[in-house]
Every structure is written in structure tokens, then in C-alpha cells.
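See the structures that follow.
Next come two complexes, and both contain subunit A; in the first it sits with subunit B, in the second with subunit C.
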Partner chain A sequence: IQTSAMFSELQKCPRNVLVCERSSFMNEKSRHDKHVSQHYFNYKVSARRYGCDGGVSGVEETGGWGWMGALTALCVLCDPGRFYALSYKTRIDQDDVVALLPLLILSVVKDTYEQLGLEGRPSQYYGSSALLVGTEAWSLPPCLSRYPWKELQASVDTQTLRDLPCPVLHGDDLRGETACEPHAFLEWLGAVAFVICSENEATSFLSTYECPEPRTLVDQAVLCTVTGLLLPEDIHSLLEELRRYFDQPKSSSWLSLVVHGFADSPISWGMAEHGFHKGGENFYSFVLFKNQDYWLHMGTGANDGCPP
Partner chain B sequence: MSDPGAVGGSVTYQRLVHKNSSGFHYMKVSLVFEKEGKRIDGAFFKQLIISALRNVYGEIGAAFPFDVLKFEEKSLTAVLRVYNSGLVKLWSALTLLGSYQNETCAVRVVQVLLPYQYTGGP
Partner chain C sequence: MAAFADLCISGTNDKKRLQSIIETAAHLGYSTVAINHLVEVQPKKQEIGKPKCVSELFDHFPIVQGRSRPIRVLNRLTLVVSDTSHFRQTADFKFYDIIAIYPKTEKVFHAACMSCDVDIICIAATEKQPFHFKRPPVFGAIERGVFFEISYAAAIKDSTMRRYTISNAISLMETCKGKNVIVSSGAEKPLELRGPYDIANLGLLFGLSEGDAKAAVSANCRAALLHGETRKTALGIIRTVKKSQPADEREDKEAPPSKKAKLDAM
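The block that comes next holds the complex of A and B.
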């Protein structure tokens, strides 16, 4: 009995949550604006087109500039409406993390919390950390205001893939009952990003992964990735540009936009606390259809609440 | 690919919440040999991992499938896919690996991912 109990422990894995929404950009009550606006700290955006010629316009022009402070400090405020900052190379589960929206958000370890003398609340995920949310960004504690800061320019990378097996999607089948199931679709997005072979035999020794069924073969796929400190406003602009792509006479049936949040950000959506656990999952993905319908997948990990 | 139909925005709002329903975890790992410059292929790498699993969990305990989705021979890095029920065993076996075929080596688990984080690419 003890052996089987131990064995069942070995089969456990970290909790994860995936929220899938389906709506239309033309719907007045569509929440896509709100979801994008409230996901403040994004480090990578990847726009992908499958089939047809031409690039993915709009991604190259995305500003993507941002300001990143070295640990624990920023001492200059610019236009509050466009000032975002996140401390650089700080780990949410071990170090002090500073974020500016321009609302000041601090995730600090116990010693720093005692030194600051500010009021906060215990972290939900790390027993020795606290989360503080300020009301005025310029009330920066003196001990945090003396460190260097620097602007980080975004980088853009474009990749073209040929003869790519691609899952068939039905816009009205979010659950994937007649076509591709959400987890299998997201797995396929990852396989494309990693340039992983998706045509393996079931008897192959190395890998049995293959593109989900039903599928089709596209002549060409274009992946355009922007990496940096990417603002919600930039992602809004990109989304609008991708929606306009379907005005072209020869456009593919759907596009995907994948947005990754910083694994070490103190918040995920809104003011919801975010933790790293094993991977720092903090992501959303749009699938845009020609008729302005969309799917939105939002994923978080074990040290997060449910996405909005 | 099918086209859902005309522009109209008449689609009904739909929301689904999946908890713990992803079947797989993904691991980015890096193999390091004490002797620099050693070159191996994907099949050798997979056999190395199978051997590590058997050493810790035995034949029966190691009898679960995993995929080497990608293996880069130059950098000896790989992306693995494993069922959720095998994650702990695979991760622990990789951590405890100290040598293979009398060669001192170690596997570093760089990152453990779910499908959505895995979508980000290298």
C-alpha cells in the first residue's frame, strides 16, 4: 500500500489552466481589448501566416520600445501614459522585482520589505515574499532610486517555412470536436516555432509527434517575431493591422498571434499576482479568422490564478 | 482550411476553461559531457535517457513513452515531450544521471514547459 501511494505521487504534475474564448472583433461586447490592455509585460510577440504570398505586415513596424531598469530602480519618469518598466534579470521567486505601469508594483523578499517600511501583503505563492502595489509611481522609495536604467530596443526576426503540414480549423468549433483540439493546436504552434518535424511514423524511435488531424499542406508559412519589452498598445496596433490583412484579395483563412508575458513579471492580467513555479507560464494567443471572428487562448501555470 | 462564412460578427460568445487537461509537458534539456568535443546523435541521446530511467526506476518503472522532438548535435540540446504522469520520473532520472557508457556526463533541465509556453520557440 505504501509503494502504490508513493507511485501515485510520482505521477503528479504541476497545475495549469487554459481559458479559450470565441467571439468576434465586430461584437461590441468583445473583451479582446480588455485582455490585451491588462496584460502589461510582454517579451515576445509572434505573428504567423499560413499559406499565400507576402509577409505579415505590421509586425516590422511595431514600436516595441520600452524602458528596462536594472534591478530595483528607476529614477526618471516620462509621460505616464507610455511609461512601462520591469527590473532586469530578476527572478520572481528569489529576488526583488520592480515593475512600473506607471503604478509602482514591488515583489520583494522579507529583508527588503522590512527595510522599505511600506505596507504590502504576503505573496500567495512564496512564503518569504510580499507584494506591494503603490498608488503614485513617483513615490519611489529612496533606496530604490539610485540604480541605472536603460532603453531596450525590440528585435525582429522573420522566418519562412515551406511545405508545412497545418491543422484544419473550423471557426465555430472552439472545442475541437470536428477539427483540432485546443491543446493539440497550441502544441502544433510550438512545433512550428521550434521547427520540429511533424511527420513522424508511429513506430519511430526518436519521436512520434505528428501534426494533428485533420490537416492540410500549405506551400509557405511566414513567422514574424518581435522580442523586447512590448507594450499592450503595440499589441493592439498589431492586432488591428492583422485584421486588415484579410482585406487583401488573396489572404489565408486564418492567422495566429502569440504573445508571451515575462516569466518573472510580478503580475499577469490586471493586478493578479504571478509566480514562476516551474516555467512562469503567462501567455495568450489569438487565432484571427477572415470573417473577423477570433479565438483567444489564455494560459497560466501553477502559481497563478485563472486568466480573466 | 475551411472558411467560417461572411463578415457579420454574429458569432455567440463562448468560453471554455480547461484545468490540467494538457496531456503533455515539454522539457528543454542540455547534455554536458566531462570530455569536451564529444559528438552524439539523437538515437544515442534517447538511449542515454532510457538507460537513466531504468537505472532509477527499473524496467517496469521506466516503461513509459517520451519523444525527443528535437535534438541539436552541435549544442547537445534537446526538446523532450512526456506525458504528465511521466514528468516527475523523467525529470528525476535526468537529474540523477552521472555517467553513460563509462563517460561522465550530466543533463541540465533548462526549462519545463506547457504547450502554451512551448509555443514561444527557442
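The block that comes next holds the complex of A and C.
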């Protein structure tokens, strides 16, 4: 009896949090700007269009270029005085991680914290580590030239999918009472990104996944993915470009934009601490509709607070 | 938060196999591994011997996947003890970074928990635990900073051993409530190693909570290593390092070395 009580714990997964918002870009009080601009460290953006020909414009210009300094940090310099950096090949649940906004943010293990002698606050998720947030901006560009660095370009990948089963979405039904529920919708987005067959064929041993009902069959869908150190500013301009897409005469009824944060970033939104338990997801997904309405889903994992 | 470690890799004379296991461990994401030297303690005095120097294994140690540092390799000694009188601390212990004990009887388990100077107490994985885990010795070990180790390689090889491993682990958890537990492989081949996040999931089957299961491959291993390091210090506070004097300085000394006042030693 005792073992079955213990194993009831096994049925639970590490917790995750999903916040869903619905608003319109035309609404003055819409918080989409704030959510995008406060999610600083993004490593992948994928924009998708379902049902029409042509690519997704604006994606190729996203991402720009960055630097890898002495193989220790990924940095992007955009305007004079505006500088983003994140330490490279450091794991948030094992190592010291450094981030620059250009505000200095350090997530350090106990030994490093004791050696540094700086003041910080204990990590919410790891017993023996600390998060230190600086108050002054660092000016790093003069120091950069001292170290070896190489230029990196963000990589862009485009895929066209044919005959794709696609859930039917109604702009005013965020909770999915008549259509597809948010978790099921996000699961479908993930299945499409990895080109997982969603026919639930009897002969398939790999996937029994099925597209959520109600669904339609779409002739063609285009997926564009950019990977690199991507700035909130770039994502803003991409979002504006995608909004303009609906001005075209022949456009699909909805578009999606999914932005993934770095799994090993010390922060998720604003200064909220981010951790990695068994997954470091901190992502958000926009669904844009023709009437300039949007859905925003923000998701985080076990070692994270609630998204804003 | 700590880097992942696997504190039990079976030591073997086959250098290539050992290199292959360490490369696999680095690829899976382990930052530290310990090569295990198993010794059956005899009633009469025995030579344990020095372990092979770790630096002979690789010219360049493999880099841990996802990080920029090479994997750290340590030496560990496991003593299989069936009688309390057989356990003796010898001078050979200082060559090993971790000392572990595998108690075969309840009396030895009690002595290991309460008094023996060891870092790790091994839990049987290939046979049913011959005695029950009682609260006083288990809590005594927890207070002293000694860790209980569960090995999973046997569970991979055979289904009967899998049952023994899980049932022994669960009966330990009922007593220790998930504290001071580490999980290591005991791997003899590279294929018997599993990734640290997978082992954190395996810990859930042993009855550990989410946090404890991840600590069993990271923070607790680090604590066990630090416990081993303190054996080379005085009460864990003072550490002495032999300073090498250059040859010309030695000739300059005129006065013979005199006794220093007690205060200087502090």
C-alpha cells in the first residue's frame, strides 16, 4: 500500500505554467510591446503561415549578426550604449552564468559567490547559488577589442509543408471552448515544427499524435525559423511586418510567431529568475488574426515564476 | 546547483575500455567521475596499494558536453566488509579521493554509519538487502555527512537485479526520507552509463522527490567529494601544503631550524 502511494507521485510531471492573453494590436492598453521588449535573450524565432503561397517576409532581416568573444560569450551590439551578452557553453543549473543588458546579471554557484564577495540574493530554485543583479550599466565595447572574437550570422531556415491538418481557430475563443484548447494548440505547433506525422496511422510506430479537432486540411504552410542571439527589437519589427501581411488581398486567416528564450539564461521576463530543472523552456507564442486581434501564450517550466 | 558527477565507474586494467567509459561520461554531461577500486577486506593485514595515476589515462581529457572544461577523474576505494574488526584505516587511504564501504552485515552497517571514517555507504544492488535499515544508524550517518549510494548498472543488465535495486532503494528512502542519497552507475562498459537527467528521473522510481533526485547526481555528489577532501585536512579547517624550497635558499640558512611558538601554527 505504501509503494502505491509513493508511485502516485510518479504520475505527476514537473510543473509548467502557461499564461494566455487575448487582445488587439489596435488596443492602446495592449501589453504586447512590453512582453516582447522584456524577454531579452531569445535564441529561436519561428514564423508560420498556413494556406497561402510565398514566404514569410521580414524573417530574413531578423537576427542581424553577433560576436562570439573568446568562445566565452555571445554578444550583440545594436546601438551605441545598447549591448546584450550571454555567456556561452555555461549551464544555468551547473555553472556560473553571466548576462549583460548592459546591466550585469550573474547567476553563480556557492563557491564563486564566496570568492567574489559581492552582495546578491539567494536563488529561488537552487539551494546553494545566488543571483546578483548590478545597478549600473557596464560599458564593454572598448574591452571587446582586447580579446579574440569572430562574427556570427543568425541562421535562417525555411520549410514548406503540404497537405497539413490544421486546427480551426476562432479569434474570440482563447480558452478553446468551441475549438482547440491552448495546451493542445501549442502541442500541435510543436508537432508541426518537428514535422511529426499527425495522421495517427495504424502503421506508424513513431507517432500516435493527432491534430486537435475541429480541423481543416491546408494545401500549403510555410515555416521560417531564425536561430541565433536575437534581440527584442528584431522581434518587434518582425511582429510589425507580420501584422502588415494581412493587408494583402489573399491572406490566410491566422499566422503564428513562436519565440524561444535561451534555456540557460539567468532571467526570463524582466528580472524574473529563470532556472533549468529538466527543461529550460521560457517561450511565448503570438497568434495573429486578420482583424488585428492576437492571442499571446507565455510558457515557463518548473524552475520559473509565473510569466507576467 | 552543482555540476553532475558519477562517483562509481568500475576500475579495470583495460585502459582502452576505461578511456571509452570516461569519454562517454563526458559526452553525457558528467563533469566529474570516480574510478572505483573494489577491495575485499581480509582478516589478516593486507596491502591495498596505490591507484594508477589519473593523468596517465589521457593526454587531453575529454571536454564535458555543453561546457568548456575537461572532465575531472578521481580515484575511489570501496571496501567490502563483513566484520567490524576487519576495517582498519591504513596509510593507503590517502591516495584515494573517496573512501566507500559496502557493509555485508547489520553490525558493520551500524559501525559504518556511526564511527567509520568513510564518505559513502553502498546499498546492495545485486541481492536482497540482508538487513533492515534502522533509524538511529541512518540518521547518525546523515548527521556525520556520510552518503548512501545506489548503483544502477545492475538494474540495466538484469530484471531480477532491477527488482532488488528498486526494493532496496525504496526501503532506504522510507528511513532516510530522501536525504544524503547519491545515485551512481557502477558501469563496467560505456553502454551502462545513462545521462544525468535520466538518472534524476530514475531517482523518482526509488522514491526520491524531484529536487532530491536531481541533487542525488549533482549537489550531494559534490558534498561527498568535499567530505573526502576534508580527510586530507585537520578537522576540515587547516590544510598543509609542502612548500618546495629552491636549492640556493637552503644553503644560505645559517642558524639551525628552531622550534616556532605555538601561535605561528594558527
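Everything below uses one rule, namely that the second predicted complex is superposed on the first by the 268 of 308 C-alpha atoms of A that agree within 3 Å, B and C clash if a C-alpha of one lies under 4 Å from a C-alpha of the other, contacts with A are read in each partner's own complex, and residues count from 1 in each chain.
Following the convention adopted for this analysis, a residue touches a chain if its C-beta (ideal position, glycine included) is under 8 Å from a C-beta of that chain, and two chains touch if they have at least 3 such contacts.
As the structure is a prediction and not an experimental result, all values here were calculated from the model.
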Larger contact residue set on subunit A - subunit B or subunit C: B
First, second, both or neither for A:S268, with subunit B first and subunit C second: neither
Touched partner set for A:N291, first subunit B, second subunit C, both or neither: first
First (subunit B), second (subunit C), both or neither touched by A:K89: second
Contacts of A:S123 with subunit B and subunit C, given as first, second, both or neither: second
First (subunit B), second (subunit C), both or neither touched by A:V109: second
First, second, both or neither for A:K278, with subunit B first and subunit C second: both
Which of subunit B and subunit C A:L186 touches, first, second, both or neither: first
Intersection of the subunit A residues that touch subunit B with those that touch subunit C: 9-10, 14, 278
Complex contact set, residues of subunit A against subunit C: 2-3, 6, 9-10, 14, 71-72, 89-91, 93-95, 109, 123, 126-129, 277-278, 302
Of subunit B, residues touching subunit A in the complex: 1-11, 13-26, 42-43, 46, 65, 67-71, 79, 81, 84-89, 111-122
Of all residues in subunit A, those that touch subunit B in their complex: 9-27, 29-30, 44, 46, 50-51, 166, 168-172, 174-175, 182-183, 186-187, 189-191, 193-197, 205-209, 216, 225, 252-254, 258, 260, 278-283, 285, 289-293, 297, 299, 301, 306
Interfacial residue positions of subunit C with respect to subunit A in the complex: 1-4, 31, 66-68, 170, 174, 197, 200-201, 204-205, 207, 209-210, 214, 218-219
